[in-house]
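Lettered A, B, C and D in written order, each chain numbered from 1.
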């Protein structure tokens, strides 16, 4: 961690002169609809479960936003979910596995592509054989669907969805507070605001990760390990980035379909945290990076000030 | 005896040929049809048609069109009648037309037994008729008939196919048990044979029947004997195919043969609804008129074995009957190919081929080239 | 009228001439230079051109029921059916009888043999041939799956009786020779047998394929028919089994002449992960060491075509690969047959290796007088691909370019790249002129010596062998110039070369009864009547050996 | 530039092959060259000038002022551009077309949209037999694109259809969708006997009911399927326009079990 120069202060909240270092990811969006919002959300939550970190989950996924019936392809309530992975192949494998296990299975669900991209990955194409020969392909008006008879009726699924390889993973904010309740309060208010930004997800539980990590570790085979520089209990015994008054740090990780979307989310988040102020929330905002040599996207906090 | 007429008045052959040549030379779109003649007549007719840039069809090609259509769309299993006589132990006869147009074949099959093949020899022959009449096989040993209307045949064959494949069947013209009986009949054959009339079931129906045979051959042996209403039309279609690449219903208007089974059909052109403005009609067989001779609404040059027909035309020639008055090559469906037929009578009349050739010579090659 | 072809480079292996020589033609035949000083009435300047006898194709399915069925089955390949620019998969093919004759003539071919005429479609085949302009033609009549022959063998009838039956069939059908197609296989298929080896027996007859082939070989020899029995072996195209079948058949020649057709389709092994490999080298070696056999290749070339065969059993099996997916299977008396469209794709491992195997055989069989130039038209490829094949045989760099376009896996399975041989003009002339005339017993052609019919092909030599052989500079047929600069300038009608063995009267009577009793047919229907073909003098009789 | 216009001089006595008059083939041609293009089908050798007066100069937008049932092969193999016909057309309208739009303000003869692969054909009146079908021997009919018919369609519409959409506002004659491989056909009026014969896959919406169905179609009962709404919405917004099954539950039949049996017919409840 480096790059801490002159700090800025907004509404009493210190903002490090640092940057979030993020990486290109393959990303996509799909639309999941169902008979009502409840079941659309059930399906979406199931599909985006265990998708916090690409390292161990194969992808990062989450709900982008709810879709009203007049926005969806079939006129029913829906949810837009996003997925990100290292590359198109990894993305397809995760999305289709989750599609097969979580959407195909979920009552009344349907699945539509929700991203136009030159490159595509399979959706229905990949799972159609579940229908054991009874699957029906329909192509019309430039769209291609698979219809799969299931016990409940018929599962309608678009054949493919577009992807972007210009997605961004690893946008982040480190919110440092005097205590855990304050850190959590800052995070929650930030997440609430950031969720309104289209094209981004915060893949960790509730959008928040407490176990921010550094790359590698002392044990062989560990790709990531605890970010000891930000652990308050190690302030004195490690090369800490924390000042004494900081008692708890939480991180928000952001993935987006574009760098702009990630930047927007971070900006909105910073504003929410600074608006909340240091008394109820965070006293300092930082960002995680690896020195700037690993990821091409550098989101400098000073550029994202409210 | 008069041999040529112009507007019903006797004329010399030369006069009639001159008049015919003039009529054809002045026409925009000649039609060469009828084609009820032997191979020599067909060859001469095709040569004339090429010269004229004519549309060509046979009077009876409607009876073979469903067969040709099904064949070229989906292929077929086809048998020779003589081989089926020796080989087929079970014969499924579809519909009512076989009883008339295939009476000879059915009689031959019902009065003989398979004598070739360990799978078929010695077990006799069973014939199952799906129709309203059994015709010539009525009452023979081994013949059963299941009542079935012509219009229901294609549905029934479809049901049999579904049954054989283990796919479900809905309510149809025949009950499930009967369908099962028919399916069992063909599936258990050592060598099965399906006899049907493509004209009766149509092109799509013929494809259904060919499909049944193809399905059966996955496990056992089966072939089909499509009965064509007109051997003569089939012969003309075959000759047309090697001559022009297409089986009849074609136009030489732009030299290279072009085929359209609807546009160039005889009925359409002769009725005046088509584009032809002048017709050459050859009707030189001994066996009477075409199956369904359409009204000819065009100025016509008629070459007919029946002098009355020739006399009634604008320009007419009485010609010898192919196969009766002179040695001829004719297609014979009993043989499944062309056969030479020796004259039974001698005739002073010219052959259709001779008149057509004389006419082509009068026109002096392709008319368009002269223009 | 005396014509002189002056200054041309005559390549005529039959008369062992290879140099600049003037040729003289009078009354449709080649004559010696006039000794009386008489000058030619017409001189055709052949300076700088290559002069050969008209080429002879010994195995090309150009006429008859199955060929016409292929036309019926595939109207979509007719030029008139395609949208512009008017090219269809087979639009280059001589699809009609007229185009067939013209296109052969343009390449300098003047005699073509239709090799699979069923006795029952002899008249049909001859009608089509009579409508095929310019070229002379001949037919081979098919026996070997017919009830009568199988019954005669089963019943132990005498060789004489069998020869009489063969003689009747040849005479009635106006054939030049006898062909045997998957001997017994079609008959077995009618009994629902789906695989048939050389020593398998036909159910109900107890007669093996080997017995049928040997019986017919003896009959053909005893009748003095010049062309050896023309055999289409069992298991065509089946990896492993095909090469076993042809090896067994070749060994069964036992010192007597035997011709094996389209052997490329039998050069298939089962090595490699795709269980498909080349046995071209082994097969060529076997041909090289079996001097009594002759072979033709049946080269595969890439593109859409249609397979036409009286091997009903194998055509039935081939239906699964039909492209487009439609085919016609015939259950006729005797052989029956099948018409199955096929698309040989350069990118297909199997098809590309088939191509390579054909090339290996062409190049590894040493004696050009025992290997013949065929694609088994249209089975391996349409005959219009011949110019490309000439180029492949004569120019190693052309082969190399083709090889490089093939899938890598194929290049690893063939030794073709290592073969350096390039056919010479003399070898080409041997393979396509001198040798086929000898094989067919037609002494009046295949060479440019005095007395030969004046069927002459004159080519413009050049580095591009495909261009050279694609369009002849001149072609003379019976002494008349029919092609000039690759264009047909005159349409003549060639004759059908036939044998006329005298049929035995008793056999004739027996056959009258047999066809009537057993099939309800008249034996007369199998005959091709003299007046049937609409030309004066439509046949030319080739004598049998004494 | 204004659209290239072919004004009919008089009713032709013979059929005309108008396949040369498509945008790609006229691009770059001078008016006199266009006027000399052969279009006749008889030995007379008619050319464009014999039949049409030419006006305008933009070959990307072609208009025929006045039609005829003998105007054959309009828009054949067209890949882009627009053709409008004010009047009737003959056979093979838009055969093998790959893109662009053909609008016919009149009726069309047989084989309209034969083996078309893309683009839109809109016929305001009736269409003849084998709409969107194959030619004799061809293994597939329509392979893509959209055909709309304002009136009735002749026999065997959609024969061997493999992809694309045919929408017929009026009635469909016999053997609609025979041997269908895939694709969608919508009929607003009634459908004559035995639609879907030998169909392997594909979808027929027979909104005005059917005379007779083969017994190898089995009734799966009423179905309220999302695809109906999704399709109807997409059609309404696209070239097809509003379809009569929008917002309705339909009865779903499967067949033809004589063959593969994976096709479907939707009927009104």
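Methods note: a contact is a pair of C-beta atoms (placed from the backbone, for glycine too) under 8 Å apart; a residue touches a chain by one contact, two chains touch by 3 or more.
Quick caveat, the model's predicted, so the values are computed rather than measured.
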Chain closest to the middle, measuring from C-alpha centroids that were averaged per chain: D
Inter-chain centre distance, chain C versus chain D - centres from mean C-alpha coordinates, in Å: 46
Cα-centroid distance, chain B relative to chain C, in whole angstrom: 32
Approximate Å spacing (C-alpha centroids) for the pair chain A, chain B: 73
Two or more partner chains touched - positions in chain D: 136-137
Multi-chain contact residues (two or more partners), chain C: 73-75, 81, 326
Complete list of chain pairs which touch one another: A-D, B-C, B-D, C-D
Complex interface listing, chain B residues touching chain C: 39-40, 43, 68, 71-80, 82-87, 108, 112, 115-119, 121, 190-191, 217, 220-221, 223, 238-239, 241-247, 256-259, 327, 329, 332, 334-340
Complex contacts: residues of chain B adjacent to chain D: 28-29, 52-53, 69, 72-73, 154-155, 157-159, 161-162, 165, 167-173, 204, 207-208, 211, 251, 253-254, 258-263, 275, 277, 366-368, 371
Interfacial residue positions of chain C with respect to chain B in the complex: 63, 65, 67-68, 71-75, 78-81, 95-98, 120-121, 123-124, 127-128, 131, 147, 189-192, 203-204, 316, 322, 326-333, 336, 518-522, 524-525, 527-529, 531-532, 534
Chain D-facing residues of chain C, complex: 73-76, 81, 83-84, 324-326
Complex contact set, residues of chain D against chain C: 19, 25, 76-77, 95-96, 135-139
